[in-house]
Amino acid sequence: MVMRIKRKPIDELNALVDSVLGPHTPPIATVIPGEEVKVETWDALTRVTNPVTGPLEIEGAQPGDTLIVDIIDIELPEYGTTAIIPGFGALEGWLRLLEPRTKTSEIRDGKIHYTTDDGKIIEIEAAPFIGTIGVSPENEAITTLSPGRHGGNMDCPDVKPGNRLMLPVFRSGAIFSLGDVHAVQGDGEICGTAVEISAVVTLKFTLKKGQKINWPRVESSEEIMTVCSARPLEDAARLAYRELVDWMASDYGWGREDAYMFLSLVAKARIAQIVDPLYTVVAKLKKSYLRRS
Amino acid sequence: MVMRIKRKPIDELNALVDSVLGPHTPPIATVIPGEEVKVETWDALTRVTNPVTGPLEIEGAQPGDTLIVDIIDIELPEYGTTAIIPGFGALEGWLRLLEPRTKTSEIRDGKIHYTTDDGKIIEIEAAPFIGTIGVSPENEAITTLSPGRHGGNMDCPDVKPGNRLMLPVFRSGAIFSLGDVHAVQGDGEICGTAVEISAVVTLKFTLKKGQKINWPRVESSEEIMTVCSARPLEDAARLAYRELVDWMASDYGWGREDAYMFLSLVAKARIAQIVDPLYTVVAKLKKSYLRRS
Amino acid sequence: MVMRIKRKPIDELNALVDSVLGPHTPPIATVIPGEEVKVETWDALTRVTNPVTGPLEIEGAQPGDTLIVDIIDIELPEYGTTAIIPGFGALEGWLRLLEPRTKTSEIRDGKIHYTTDDGKIIEIEAAPFIGTIGVSPENEAITTLSPGRHGGNMDCPDVKPGNRLMLPVFRSGAIFSLGDVHAVQGDGEICGTAVEISAVVTLKFTLKKGQKINWPRVESSEEIMTVCSARPLEDAARLAYRELVDWMASDYGWGREDAYMFLSLVAKARIAQIVDPLYTVVAKLKKSYLRRS
Amino acid sequence: MVMRIKRKPIDELNALVDSVLGPHTPPIATVIPGEEVKVETWDALTRVTNPVTGPLEIEGAQPGDTLIVDIIDIELPEYGTTAIIPGFGALEGWLRLLEPRTKTSEIRDGKIHYTTDDGKIIEIEAAPFIGTIGVSPENEAITTLSPGRHGGNMDCPDVKPGNRLMLPVFRSGAIFSLGDVHAVQGDGEICGTAVEISAVVTLKFTLKKGQKINWPRVESSEEIMTVCSARPLEDAARLAYRELVDWMASDYGWGREDAYMFLSLVAKARIAQIVDPLYTVVAKLKKSYLRRS
């Protein structure tokens, strides 16, 4: 049986606890590592700023551990919303938007049905992922608008079913929350929103005791990935590549300079988003390069 | 018959003309649009800074035109070089490199044979492209280390055989040069170099008369792409997305806000490089989304 | 009689409450607007990260008010400390520091006695100010290392005796704290620290009810100033100038474009610091320009 | 007798030579070090983009030398112009300017008479300086809109009568030009222009043979200053402080870490401009601190 974590009734959402990731929000449930959990989430445009569901206390998690989150499944709703908000978005200054705009897209058979302004419909393959997912920072309570070392609003499309997210643990119990699921998102999330949805997410937690990481990491069947956030954007990229060099050194026996040169030849990078308080870059390396005999 | 443009003997390379793209270097040949041309290039580590072959005068090109360059073929040499240069590279400050390093890789059967510091060989699929390719700016002579609106050192892996590059024309005859071919490169080109090679490149030029573009563009069979360069990196991304919005508006009938929202859902972005005087981002849109009935 | 707020015994400093500004730290005292208060502070290098004294609840302060803080006096101690910390500071990557360093300077007769590495003493005029001073953000608890709209670690030398600081109020009671006094600091605080001191600060609070500001402001007898923090540094400058344009428009009757052109001729800007999580710029305008008949 | 360098008739200004600093513009005069020269300049808004007068060949200047330029005098005209240009300026995206605007100010008795939009006159003390001044880069021809290691459009108010500018020499004869004089300018030059004037500038050149500097420097009776340009703005600041550390080390015997700590306590920084292709910061140190016995 899978534990189901219900989201708060919409009227009870409270920005002081539901719009931050931090040590002061009391856990709503305790989860045993190894169990599967289903979590209901609100979409980012609901009532308070980008509300999350949680926090969950992960039994046994201690500062210095790594929390492993396997993304098992995301159940899609029937509709999703894309919005333009004046004062927000990568091209806001240039497009000189004066009015907010909202566009609702039907989601059916794994496809988003986007309606253009002149009424045509374009089908986009759904590629759902969790936009905001993270643990409590050590001392801070950070807005769910921002990504960081604790995860948060990374808007990273690689945090998707089939992949594994790794997060550093800063507080006893990890104090884990998630929300802001997207049905699909382009690199950069340039207008400030994706196809924003409420969803039901199935997760499984595991702990790597005493193994410390500095920033979130993702692993797919094909790639290892680091997810770092900073401004300006090149600093996010530098951090992500630095973490990848460190990962190659610590787990796969590479010399740092060798790893640096090799990544210069084969690494991939994704601009996750350039609209949140810090910008996010994902640096990627194919695992096939790491299986050297 | 294909015209062959020989590269200069290495002793005659002169940074004042071979390491800049500008209006003061006299053309070494005139090319008729529609003809194929084979151009020999030096690698970026040769004698003077990133030398280019050219310039070629494209007959009939006038300011305000668009120069179309179809990349037909790149002949690979047998070896390529990757270098770390202290004071250069995305992680330079962090890795605290004190000594330059060079690594030579054999290129055979379409594969780069990378030798790790402990002597193992990793095969990397070659994916050759032209790192530096551009026209003369209107008044400036810009170092071949820098990318810009004129093209230049974009280090964009999409400028590859099978794809079409479009460049704005600023001077009569376009004054086109190229060099700095890479056998393969990761996103970001983080150590400052890729697999640097000399090569023979086959190109074909066409002109779109009186059609002005602001920044380089690339077209593949699958995608349209814009290639913009700036610092910080987010400004390169903003420019590239802005150009893509403009392209959708001018050629495919999209409203600007509609294009902006749609790209927020489906666009891809590539960090081409974060090591040159300006950083380069490629924004991409699948053509299949543009064929709406 | 002046209320004196004692600092916590050093053993009781706790990063969870003393190294953040946020709504979860219980006030240690209530202050009536109009009263003078003396506050003891620890220096930034004490035990936990940049500890602050507080929070004080300001009676009657409500979200949307402006809290006015008159800086009356700063009592200097006999010594101050300057430190270099590897991984921190504006030139860290370039100087390739491997070891932390600490330098203690005697403070006597209003002068800092700086001892050079070869043993000479240079006298620097003391110019003490409060480095970290602010209120609780609305929902977040923000590290005392960071500046922001709530004030915080602005490291702004204009927050000094004789000047008036204005802060937006986000929470009932304002929830005000301060610490991190500097005996003197250069623009940029480039090595990451100034002459760090513990001190006794005399303040007086007033409220402007129902008058909302977006960012901290400072007023001296000569100038009005806005203090904004962001990355990259030019965004801090743009924000500070934008606030100054708004101030000229709302309080002094200037048109926005007119204010913009005028500031382009006469404004001053100070780089407060380029070492904290966000960088801080102070934009300044002489009041004499505002007294037009 | 003082040599007078006439500016070109306005109809003969040609962007290819008058709007770049580079090695391809033929010198219009040769100057002997030690002579005073009077140079007539156009204002930045004249016909072609920011035209300069020159280049002058400085007799005996060789790559690796330092060119010293003493600013003796600037004769002011009777009027100056301030302009807002859509798409340009630090707050352009925010103020959403749609129309260019120009404001002409009378200059009389050392004062600029600024007329506000509602017709009042504000007197601003004139503080004239040379906005664009520099030598030819080694191989590039750089637009006069941009500052750089060669000087150029630094818009640095410290390049004023009584002060000494030092420039690195990259080409034989230095190939020196200047223009873009401002009657007064605020820090940041935020609307993109200052009080733009044509002027007559009196200069004297000297050479420091075989003494190489990396970036422009300024010396006043009170201070030494370094002037560096980059994006983002913090990189300009880091470069300027790095040059100041180097200057203290090479000429005044300071250890680099000691200089770094000392500047963290006493340095001043000026944001010269945040509107040109690279942004400019001036880092300053009082000479009185350098006279240690």
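Going by the order they are written in, the chains are A, B, C and D; count residues from 1 in each one.
Methods note: a contact is a pair of C-beta atoms (placed from the backbone, for glycine too) under 8 Å apart; a residue touches a chain by one contact, two chains touch by 3 or more.
What you are looking at is a predicted structure, and each value in this text was computed from that prediction instead of being measured.
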Worksheet item: Among the remaining chains, which ones contact both subunit B and subunit D?
Response: A, C
Item to complete: Mind checking subunit C against subunit D and telling me if their interface is mostly the same residue numbers on each side, over half, or mostly different?
Response: same
Item to complete: Could you pull out the chain whose C-alpha mean position is farthest off from that of subunit B?
Response: C
Item to complete: Compute the rotation angle for the C-alpha superposition of subunit A onto subunit C, expressed as a multiple of 5 degrees.
Response: 180
Discussion item. For subunit C versus subunit D, what separation do you get between their C-alpha means, in angstrom?
Written reply: 33
Practice prompt. Would you mind pulling out the distance in Å between where the CA atoms of subunit A average out and where those of subunit D do?
Written response: 47
Worksheet, complete the sentence: Shared-interface residues of subunit A (touching two or more other chains) are 94, 231-232
Response to the item:
Touching subunit C in the complex, subunit A uses residues 15-16, 19-20, 22-24, 138-143, 230-232
Fill in: subunit C - residues contacting subunit B, complex
92-94, 96, 232
Worksheet, complete the sentence: Residue positions on subunit B within touch of subunit A in the complex are 82, 84, 89-91, 94-95, 97, 101, 103, 112, 114, 116-118, 120, 122, 124, 184-195, 231-234, 237-238, 241-242, 245, 253-258, 260-271, 274, 279, 281, 283, 289, 292-293
